[in-house]
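Paired with chain B in one complex and with chain C in the other, chain A is shared by the two complexes that follow.
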Partner chain A sequence: MRASRWTVAGYIGPAVLVMAAACLYPVLTAFQLAGFRWDMGTPWSSAVWVGWDNFRAAAGNPQVWQSLWVTLLFAAVCVTAEMLLGIALALALEHPVRGMAVFRTIFILPMMIAPIAVGLAWRYMFDAQFGLINALLGLAGIEPLTWLADPTLAFVAIVVADIWQWTPFVFIMMLAALAGVDGSVLEAARIDGARWWQQILLVKLPMVMHVIAITLMMRLIDAFRVLEVIYVLTFGGPGNSTEILALHIYKTAFIGQQLGVAAAVSVLLLVVVAALSWGALRLSDPLKDSA
Partner chain B sequence: MNPSSSRRTALKAGAITVFGAALPFSGAHAQSRYAKYAGQTVTINIPAHPHYDAMVKLIPEFTKETGIKVEIDKLAIGRLKEKQLLEMAKPQGDYDLACYIVMWKGEYVAKNLVQPLEPFFANPALADPGYDMKDIIPIYLENLGLVGGPKGYLAGTGAKLYGMPYGAETSVLAYRRDIFAKLNLKVPETYEEFGKTLRVLKDQSGIGALTSRGQAGHQCVHAWLLHLNPLGGSVFDDQWRPRFNDATGVAALKFLQEVVATGPAGIPGFGQGEANTAFLQGQAAMYLDSTSLAGVVNDPARSKVVGNVSWALHPKGVRRASQSGGLGLTIPKNARHADAGFLLMQWLTSKPQDKAVTRLGGAPMRNSTMSDADIVRQYPEFIVFKEALKYSNPDWRPIIPVWDRINVQALGVGISEALTGKKSAEDALNGLVAPVTAIMREAGYKV
Partner chain C sequence: MKRPLPLVLLHYAMLVLLALLCLAPIAVIFATSLRQQVQIFGEPLNFLFVPTLENYRAVLQEDKLELYLGNSLFVGIVATLITLVVGCMAAYGLARLRFPGRKTIAYTTLLLRTVPLAVLAIPVFAIWNQWGLINSLWGLVLLYVAVNLPFTIWLLYGFVLQVPAELEEAAAIDGCGPLRVFVLVFLPLMAPGLAAAAIFTFRIAWNEFILALVLTDRHTRTLPVAASLFITDMGVDWGKVMAMGSLIAIPPLIFTFVAARQIIGGLTAGAVKG
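Here is the complex of A and B:
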């Protein structure tokens, strides 16, 4: 029996409305704001329509492009490392091992900590004078490094903090996906003489490619939105060596009081993230295959 | 009479004229002043800051004395402004009293977000006849409280009081007297001596010479301004044209680069907390920054240098010019309980409570507190601090409404790049002239 159009609309309608209110409204507001010059703390009636001026100001600001470059580099390094580590960990821990529940809980702990706390914890750990990282390096005979005072090392610091916090997300997603792999297929591969790495690369991973694509997309989106950890850890410095686009938007809106320009840069960020997400889904689109 | 003393005289005279006029009518007893507001709840927005940690301990006494309840909304200092702007833009806000950083005062007034205090002090039903406005340290009152006037943020015709200093500070030099004695070093009085002392300490003390803030943004600009002012420089000239890249600006930045080279490792990443910690944990022989360090330097739980620290004036360059800044209290325009908020502000900044908060480690804002024999016995460094206040420069930084943007998004990037060696001092400052000029033009300055 085919459901009527009205029945379908009745089922999905509420969800569509909630999604529209929760997702679409802020996006449309950002587009609207990008057309105005408006200072936070002043009435909206004082906002002045400036057309494309905010987009021109954003496009003409070298700091925006520098921040975009930092963001792309940050996302590329972090997401690549997180995907590789997360998949490797999941493959290593997918089989029942004694104490596995404890291991899994420990692995997902970083993800549950508030980003501000993560930023503060790493700020102390990377402290040049009293930090744990330099203490550990000292045990290996390495001279203390001024992690947060050097542009390259500061970038490494924000990458390490992000990898530490978000590799567990990839791990959980992959663990769940691997649990759903049909054992008989692996059995057949073994009977056909597949080696362990062939089983992983040619059987297991292709079978969970949908999950890999979705996880990759979610991590990419998150990597472009990360703010608090970097705000606390480096505040974008030294110079603007770690000023990712989200932090640039924050500073433009809340320090520079240029909400319109910040909204215009947000639209640029949205375009970049949408393009990358589309690319990630091209790897394997679960919706397409299930249609 | 020099310009700064004439300004102080004018400020005192103005304060007496404005607020003294109300005194004959303000004979109401304290109880009747508070009775009307007993049972109301005042919401105060404060930062996580040692002075306000001390203030919180006084609040139960206020409620006991007045019947006014107090709700405290405490935030990280970096998040204070965005929350306040959101709250104060609403038709009716949640805050009846808000703590602000000095740099925001011009912006808040320009956006019509805060109330002038004169009507409150002129209201005999609210004003405390024993308040004694003249006793408030004039430089603090001017720097934290006044908006308007010829420059927009200093005393003069048209300046009005919009806030009271509460957590205000100036800059002083703290040094390790044990290390100075061991190395037979003289405490630097001039910048020339200061520069030489940095090298000697670096080479001979085994620890960093001078700790300093250096993180990108506000922190490194603050550190640079500490040296720019005594060396005779300023950010703008009298026509608001950038002059920070002149010889004094470059000299101040080169001095800061020397501080980084001779100081504890990692200064370009130091916020105020890390800079303080380096000194308190014995990693630096000198500290040149806010007087707020005094509250913790002899606390064994937080300091390894208890009993080994002495204080001196900010060294002199071509002039003496110590910092003026810190925190103040203001009443939002959309406050629900503005009168009760004022009563709390007035109570906190009264003579007895200023002494009380100082005893608890807070920063005094009254001359009577700084001179109080018991307080001076507890904090002998106040003798130096009082002297330092004579040289506190109210024009230490241009607190115009767009200063925050210039401070963090322009100067704070270029100066940080000079501290990491990415750019020379000259290149960094010259490269900042165009963006700062653009911001000033956008803000309506004809430069």
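Here is the complex of A and C:
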């Protein structure tokens, strides 16, 4: 049944209007800004059209390449670790036990707490002098490490914080997926003499592969979007060792005051995330299930 | 099949260990906020300290905490309410009505869900300046509604599909007007979805930091922005910043303990059937 134009406008008009004005329009404006030289604090009317200059400036800036590298490495390490840990834990702990609801509640806390609070907690714990982590390492006889002052260790720190925050997400997704696996299939495999690792590799994992793929895409997309935890934990330092692209964009725009150049870099980030999102849509199309 | 006792104990031991790992950093926030200044810079393994509310008193008296708390509450609550109403209507329209352009709108909405907020910060800063929305709470509300709508619409879309259209048709035949059908028949069935959507939206609006940092001034800043100001080049004022961090953490903690099931349902919606 075709709905009347006014009914449609009444139901979805407000949402479309808000998203167009405050989300889609800004995204398109980012592309436009990337073509202008515009410094913070000057009126928009004084901005000068410079064509591809901002993109050239960004491409010629080794810090942008460094940020891209840090971002890719961060996403690869975090997502790999979170997926492996989350899947392994779900396989080990999928058997229903009493009180699981309480544990599940605790496991989602890291994702619900404000990223800025998460960043603060880890910054305090990673402190070289009075941090909990060095104190615990000290109990094991390990000399205190200057976590946030060393490029490699600072990178480890942001990875640890992200793994802490998001492994539970993978774990919860996998628990839900494994709970949906048909018991009779496993029973059949068992009767056919499948060993426990064969049941996992040849029966369970293939049956939840779709959820694994979607979870992986969601984690990848989010790994490229993170900013706030790292903003608080290291602010990109020391040097640029933990400066992911999102943070580089923020610093270029609001500290370096070069809005046009920052917009050019954000176009790069936008393209990466859009490509991943398109991939995620191909995996799981919510429209297809219904219409 | 009954499992042997040692295996069950091992299972619980692992769960407890994981729970402790999840809780430790959160406990650090609260514990540090209750420590005296001298204890903050030493004895990280001393958990038996006498708690003090000194840091909370300090942020209340010296740092206009109630102003920022008010701003955060206003932005969080208003943005959540608007998102729910507008999002629910849109989800209903997309699921129930057939019209040209439906797919375009649906897919654009899905793609907008993943736009990095750092990318939005620059153009929104420029546009809000032009529109006179900069440094205003309503500017922040509008933005939070816009970034939360895509997720809300898709979450609720799934719930709308589960409500059989026949139910609404039957009520209509029995003489219910469209508005009464929507309010009396449809909305009650949507309650779990609306609860999940409300929590996710409030969480973003309450926790969000980077856009609020760029779009507010000292009268309109929210709690996360106020907290970030205690981090300076000279060092971090740990007592105060953890007191604010605790206050920021409390509402999401409460929501999680009250509605964990709905939250997990929202997290897994779409990817996991059932």
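Definition applied: the second predicted complex is superposed on the first by the 243 of 291 C-alpha atoms of A that agree within 3 Å, B and C clash if a C-alpha of one lies under 4 Å from a C-alpha of the other, contacts with A are read in each partner's own complex, and residues count from 1 in each chain.
Simple rule for what comes next: a contact is a pair of C-beta atoms (placed from the backbone, for glycine too) under 8 Å apart; a residue touches a chain by one contact, two chains touch by 3 or more.
The structure presented is a predicted model; accordingly, all values stated were derived computationally and were not measured.
**Student:** With the two complexes superposed on chain A, say which partner A:Thr42 touches: chain B (first), chain C (second), both, or neither.
**Tutor:** The first partner, chain B, only.
**Student:** With the two complexes superposed on chain A, say which partner A:Leu227 touches: chain B (first), chain C (second), both, or neither.
**Tutor:** second
**Student:** As a test of reading the superposition: which chain, chain B or chain C, is in touch with more residues of chain A?
**Tutor:** Greater contact footprint in residues on chain A: C.
**Student:** Is A:Gly236 touching anything from chain B or chain C once the two structures are fitted on A? First, second, both or neither.
**Tutor:** first
**Student:** Applying the document's definition of touch, where does A:Phe130 land relative to chain B and chain C: first, second, both, or neither?
**Tutor:** both
**Student:** For A:Phe254, decide between first (touching chain B), second (touching chain C), both and neither.
**Tutor:** both
**Student:** Is there a shared patch on chain A that both chain B and chain C touch, and which residues make it up?
**Tutor:** 116, 129-130, 231, 254
**Student:** Spell out the part of chain A that touches chain C in their complex, as residue ranges.
**Tutor:** On the chain A side, the touching residues are 1-3, 5, 7-8, 10-12, 14-16, 18-19, 21-27, 29-30, 33, 38, 44, 89, 92-93, 95, 97, 100-101, 103-118, 120-125, 129-132, 134-136, 139, 164, 168-169, 172-173, 176-177, 180, 211, 214-215, 218, 221, 224-225, 227-228, 231-232, 245-247, 249-250, 253-254, 259, 262-263, 266, 269-270, 273-274, 276-278, 280-281, 284, 286-287, 289-290.
**Student:** Per the contact definition, I'd like the list of chain C residues that touch chain A in the complex.
**Tutor:** Per the touch definition, chain C meets chain A at residues 3, 8, 11-12, 14-15, 18-19, 21-26, 28-29, 32, 40-45, 86-87, 89-90, 92-95, 97-99, 103, 105-127, 129-130, 142-143, 145-147, 149-150, 153-154, 157-158, 161, 203, 206-207, 209-210, 214, 224, 227-228, 231, 236, 238, 241-242, 245, 248-249, 252-253, 255-257, 260-261, 263-264, 267-268, 270-274.
**Student:** Under the stated contact criterion, what part of chain A meets chain B in this complex?
**Tutor:** Residues 39-43, 63, 116, 127-130, 144, 146-151, 154, 231, 234-240, 251-252, 254-258.
**Student:** Can you name the residues of chain B that touch chain A in the complex?
**Tutor:** 76, 78, 81-82, 85-86, 88-89, 107-108, 111-113, 214-217, 219-220, 264-271, 274, 277-278, 281, 283, 404-405, 408-409, 412-414, 416-417, 419-420, 422
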